[in-house]
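Chain IDs A, B, C and D follow the sequence of writing; residue 1 opens each chain.
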Amino acid sequence: MPNKIGYYGEWGGAFIPEVLHETFREFNQAFGAVRHDPTFWAEYCDLMSTYSCRPTPLTHAENMSKKLGGAQIFIKREDLNHTGAHKANNVMGQGLLVRRMGKKRVIAETGAGQHGVATATMAAKFGFACTIYMGEEDVNRQRPNVFWMEKLGAEVVPVTSGSKTLKDAINAAFRDWVTNMDSTHYVMGTVCGPHPFPELVAWFQSIIGIEARKQIVTQFGKAPSRVYACVGGGSNAMGIFQGFLDQPAVELVGVEAGGDGLTTGRHAARLAATDASAGVAQGYKTMFLQDSDGQMQDTHSVAAGLDYVGVSPILVDLWQQGRVRFEAATDREVMAALDETVKNEGIIPALESSHAFVQAYKEAGQLKPDEAIIINMSGRGDKDIFTIANAFQDPSWKRFIIEKGKEYAAQK
Amino acid sequence: MPNKIGYYGEWGGAFIPEVLHETFREFNQAFGAVRHDPTFWAEYCDLMSTYSCRPTPLTHAENMSKKLGGAQIFIKREDLNHTGAHKANNVMGQGLLVRRMGKKRVIAETGAGQHGVATATMAAKFGFACTIYMGEEDVNRQRPNVFWMEKLGAEVVPVTSGSKTLKDAINAAFRDWVTNMDSTHYVMGTVCGPHPFPELVAWFQSIIGIEARKQIVTQFGKAPSRVYACVGGGSNAMGIFQGFLDQPAVELVGVEAGGDGLTTGRHAARLAATDASAGVAQGYKTMFLQDSDGQMQDTHSVAAGLDYVGVSPILVDLWQQGRVRFEAATDREVMAALDETVKNEGIIPALESSHAFVQAYKEAGQLKPDEAIIINMSGRGDKDIFTIANAFQDPSWKRFIIEKGKEYAAQK
Amino acid sequence: MRLKNNLAEALRHKDILLMTHIVLGYPSFEANREVVAQMVESGVDLIEMQIPFSEPMADGPVIIKANQDSLARGTKVRQCLEFAAEMIATHAIPFLFMTYYNILFKYGEEEFFADAAAIGIQGFIIPDLPPEEGGAFLERAKKYDIAPILIFAPTSTDERMRVLAAAADGFIYCVARRGVTGSQTSFDEAFYQYIARCRECAGLPLAVGFGICDRQDVDAIRGRAEIAVIGSEMIRLVDEKGASAVGPFISGLR
Amino acid sequence: MRLKNNLAEALRHKDILLMTHIVLGYPSFEANREVVAQMVESGVDLIEMQIPFSEPMADGPVIIKANQDSLARGTKVRQCLEFAAEMIATHAIPFLFMTYYNILFKYGEEEFFADAAAIGIQGFIIPDLPPEEGGAFLERAKKYDIAPILIFAPTSTDERMRVLAAAADGFIYCVARRGVTGSQTSFDEAFYQYIARCRECAGLPLAVGFGICDRQDVDAIRGRAEIAVIGSEMIRLVDEKGASAVGPFISGLR
C-alpha cells in the first residue's frame, strides 16, 4: 500500500465502500479471465457484427472538406450502431461478461439516455432485469430515450438528489449496487469510476479505434493528422484514441462542453478550462469541477451526455503527458456545427458528438488537402429532437407539441 | 403497340402525361446505361458501405425463437441503415443516377417520412435542392421526420388534397415534376409508379436480398424456409425476395396492413384481402383499393408507410404466379408484436416492419428448430414514437407532452 | 372523322373556336346544366366534360378541388354518362369527355366506348394514356368514331409530335406550358415558336390550353391555332360569380 | 489508542455504548449544538459528526437530504472544524468525524489530520477509503492518534476482516446489512452469525450500525457488540419532533 493497480499516472484507483470489496474482487477476477481469453473478444466481435453493425463505416465528408478548404474530413460513424451511439460497444461487452459471471440483473446510470437505452437493450437481449438511474433534469431533456427504456422493460428511476444530472445518477446506481451486489452488475457507462471500470470500458470501446485505424489507411492511404472526439466521461474518445496512441504524429484532440463559455462558470470543461482540480469521488481520483472545499459543482451543457463533473483518469494522464490536447466547444458553436453538418452532409450528429465537429471545423483549414482528420461521431441526434427543435425555436414543431399537449390534456 | 416494355405479366406500364415523355426517355436511357455499367454498381456498393453501413447485419433472434419453439428467427437489419430504414438504398442509388443525369433538384413523396428523410439526406449529401410532398395526415403522424427533413434543408409541402396520405403525395410530386422536369428528378420511394421506377427501385433494393442470401448460409448453414416482409409499395419486400426468387423451396410472404381488420373496410390490404381490383393510376397498372367506378378508396393503417392504395406491379405478378403469398396484420397485432420484439430482443421495429414480425411469429411454431426464417426489418421504430407512445397510452409521455405544450404556448 | 369535320365546318365561320371545360357534378349537375346552356348560348364551340377521378394527377388546384367535391357529393360515372346524353340531346355543338384512364378501364374500355358513342360523344381526352399504352384504345376510337385527342407539350420533340399526330384525330391539344392546369401562361416568343412547331407536325387543328383566362390570351392564339381552351378559369368564374356570369364572360372573349 | 482506551473505560460501566450521528450544519449549527447537548446529557457515549459532501455515495435518502440542505445553506469545512472544536471543548465524550475522502483530500490530508488532532477529534470514518487506497491516511492516523474506523460488511470474508482489523483502530464499524444508511435492518440468525464472525476476526470493540431505531434493536445487539449506532433515525427524529425530542428518545434506548 499504496498499491498502484488501477492507476494511470496518479489518477484512477478504486475508492469503494467496503461492502463492495468482494464484488469488485469477483469482478476483477472475471474481467481478468476474459481479458486474456481470445474466444471472448471473438465472441464480442461476432455479437457486435450480427446484433449491431460493426465495423461501423468511416465516411468521407466531401462537402465540408471542400467548404473548409483544408484537411479531408472523415467521420467515424458510431451513430450507426444499434441504439444509435458508441455506448452499445461497452454495454454489449459488459453483457457478455455479466452472463459469464452468472448475474441476472443490471443497473446503470445515464445522462443523455443513450447509455440507458443501450443497457436496457442489452438487458432485453440477454434476459436480465434492468434498472436505470437518470437525473431528473436529464429525464426531461431526453424524454424519448426514457420512453424507449421503459418499452425495453427497464425501470427508469429519476434521481432527484444533488444537481439531478449524471453524477447523481452514478451515486444512485452505487447505492443500488451496495444493496444488491449479489444479483446485480453495475454497467458503468463510461471510462470513469473505480478500477476496473476505466480499463474495462476502454477495452470494449477500443474496437472503434482498431477499425478506424485500418479504415483510414484503406480509404485515404495513410494515418490521419488529427483525431477529434467529444469528452463526457471519455469513453468514445478513449475508444478511438486507442487506435492511434502509438502513432505520435497523430494528434489526439478531446473536446469538452464549453456550455455558455469557459469564463461563465456554466460549462463542463475539466481539462480545457482551469476550473477543475484533483479530487476523489464516485470511486476514483481525477480532475473534478469542485469548489475549494471539495464539493462538486453544478456543470452545464446543452448535451446531457457531457454534463459531468469528472473525466476519465486515463485521459487525465494522457493530457498530463501531453498526448491528448483538450479544447471546449460552446453550446452556441455546437448548434451551428450541427446545423452545418446536417445541411451539408446529410448526417445528424448527437449534441455530444457535435462538440467534436466544432473543433474539427475550426482546425480543418489549418491543414492541407492531402492530410486527413477523423471526427468520432459518437451518436446520432434523433434522441435530441426536443432539445434541438427547442434550440432552433422551430415554430411548426412548437405548434405540433402545443396541439398534442392539448389533445392529451383533453383526454384526462 | 401495346409495347410490353415495363410490364410484369399484365401489370406495370408507364401511364404518364405527354409532357413527361421526353423526361422518361432520358430517364430510361440513363438507367439503361448504368444498369449495364458494372462500375456504377460498384460505386453504389462503395457509397452504401461508407455512408450507410452495408452490409447490414442478420441478427439471430434467439429469445423469440426459443419462446415460439419453432424455426430459428433471423432479422435482416435494414434499421441500421443511415436514416434508419431500407429507403436509403433506393435513394442513394437514385442520387448517383441523378448526378450522372446532371440534374440539380430532387422531389419525392413520403408516407412514413422515412423516404422523405432519406431523400432529403441524399440531397444534402449530393448538393441537390429538395422538395418533399407529404400528406397532411402523415405530417401529423410523423412530425419528427418532418422536423429532420427541414433541418436537412428540404422543403416539406403538406398535401391537403384527396385522402391527405401517400397516394396524394405521389400525385402532388407528379404535378411538380410536370412543371419542373428539366431541372428535377422525381425520386419515387417504392417499387411502384410508371416504368422504369419499379425496375429501378427493385434493382437498388436487391442489395438486401443479395446480402441476406449469403448471410443466412454463413450463419445458419442453409437457405431459410420462409422470408417475411411488410408490403406498402413493396420495395423492402422486393429487395429481400430477389435474393431467393430462384430458390423455389424458400417461401416468400408479403404482409400487408390489416388495419382494423380485413372485414372492416378500414385496412390497406390489396392482395391479402379481396377488396382490390385491377386499375390504372399514379402512372401504372396494378391492383388498387378502389370502388366500382374506379375511384381510389381511403385506406387505413397505424403504419403510415403501408397506408397506400396500390402495390408493386412486380409483386402482383409474383402473387398471381403463386410465388409470393400475401397475409395481413391488424393494427392491434402489430402493437403486440412490436412490444414483444422490443422486450425480448432489444430491437425496436418500425410500425411498418412490425407487420412482418406479426406473421413470422404466427408461423414460426409451424416449423422445426432446424429451419430458419428471415424477417426483413425494414426500419427502426424511433420515428414512430408519437404513434407508439399514443397507442400504448403512455402516461408519463403524455404528461411530458402536456408540459412542453404549455411551456411553448406560454412563450407565444 | 366526325369531330374533325364538325370543327372544319365551324371554322368556316370563325377565326377561332372556343372550347370550355366543366367538371361533371361540380358544383352540381344542376349548375352544370345551366353553365352548359350559357356556354352554348354565348357561342362556345365545343365542351369538354371532365368525369371526376380521385387521382387527377395532371390537374391543378382548382380542378383537383372540383373533382374532389364532385366525388364527395357522390357523383357516379353512370350519372356523368346520363348527363352527357342529355346535353348532347339538348345542344348542337360537339361534346367530349375528359377523364383519366382508370375511369374507362374500370368501366370496361369497350363498354365505355360503346356507351359514349351511343349518346353521341365526339372525342376523348385522357391525359394519362400515351399511345404506347393505348393500343386497344386507339383502335376502339376508330371503330366508334370517337376522336382520340392527343396532347402536345412544349417538351415534345418534332419526332414525337409526328408519332402523336399519326395516332390522333379531331384536333391536337397543345399544352401551352409545362405544369398542371390552372396557372398563368405567358404567351411569348418561345410560345409562338412552339405553336409553329405544333402546326408543322400536326396535320390536325390545334387547340391551345392551360392558363387561358381573358380576351388578350385568346387574341394571342388567334391566327396561330384553331381552338382556345378555357379550363380552370371557367370553374373559378362559376365558383366566384355563379353560373349566370358565364355568358357575359364568354361573349367578351372573342 | 486513545479512542480504544476511552471506549474500554466506558465499557467498564455499561453493557452497551451508544454512538449517535449528526450531519453538521443540518438543519443548522445551532440545532446541532442543542442536539449534541441533549445527546450527551442523556448518556450518549460517542458522537460521529458528518461533514457534508455533495456526493454522499454510501448514504441513504435521509442523510443525503441532510448533506444537501446543509451545503445549500452554505456550510463550509472550516465551520465544521470550528463547531467540532466547540463541542469537544464543551462535552467530555469522544467525537469522531465521518465524511467522504474528497473532503480530506481537497483540504490536504496532512493538514486535515493536524487540524482535527489539534481540536481533539478521536476518530475518522471515511466510507469510501478502503485501506488499499489509504496507505498515507493510515500512517497519519497513527501519527496523530486519530483512530481510523474501518468497516466490516456482511459481504466481507474472514480473510478480509482480518486485513481490515489489522489496519483499524478504536473500533470496527460493522454494517448490519447490505445497502445504504437509513433502511430497516432485521436482526435475525444470519445477523448473529455475521456478528460472531466479526468478533472472531476483529480484536477491537464492535459497533453495529445501519437501521437501528429503537430499544428492541439495541437489545438485539447488547451482549454481541459494544456499540449501537443510531444514524438516520436521529435525523428523522429531529426533523419530525425537533431537538428537544432527542433526550427522551436516547434515554428510552438503553
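Here is the rule we go by: a contact is a pair of C-beta atoms (placed from the backbone, for glycine too) under 8 Å apart; a residue touches a chain by one contact, two chains touch by 3 or more.
Quick caveat: nothing in here was measured; it's all calculated off a predicted structure.
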If a chain touches subunit C and subunit D alike, it appears here: none
Centroid comparison with subunit A (C-alpha atoms), farthest chain: C
Computed distance of Cα centres, subunit C from subunit B, in Å: 37
Subunit B-subunit D separation of Cα centroids, rounded to whole Å: 65
Residue numbers of subunit D (touch at least two other chains): none
Two or more partner chains touched - positions in subunit A: none
Topology of the chain contact graph, where touching chains are joined (line, ring, star, complete, other): line
Every chain pair in contact, whichever chains are involved: A-B, A-D, B-C
Footprint of subunit B on subunit A - complex, ascending: 49-53, 56-60, 63, 77, 80, 82, 84, 120-125, 127, 140, 143-144, 146-148, 150-153, 219, 339, 342-348, 382, 385-386, 388-389, 392, 394, 396-398, 400-406, 408-409, 411
Parts of subunit B lying in touch with subunit C, wherever the complex brings them together: 1-3, 13-23, 161-162, 167, 171, 174-175, 178-182, 277-283, 285, 288, 290, 292-296
Touching residues (chain side subunit C, partner subunit B) in the complex: 53-61, 64-65, 68, 71, 76-77, 100-103, 105-107, 127-136, 138, 150-157, 160, 164, 175, 178-180
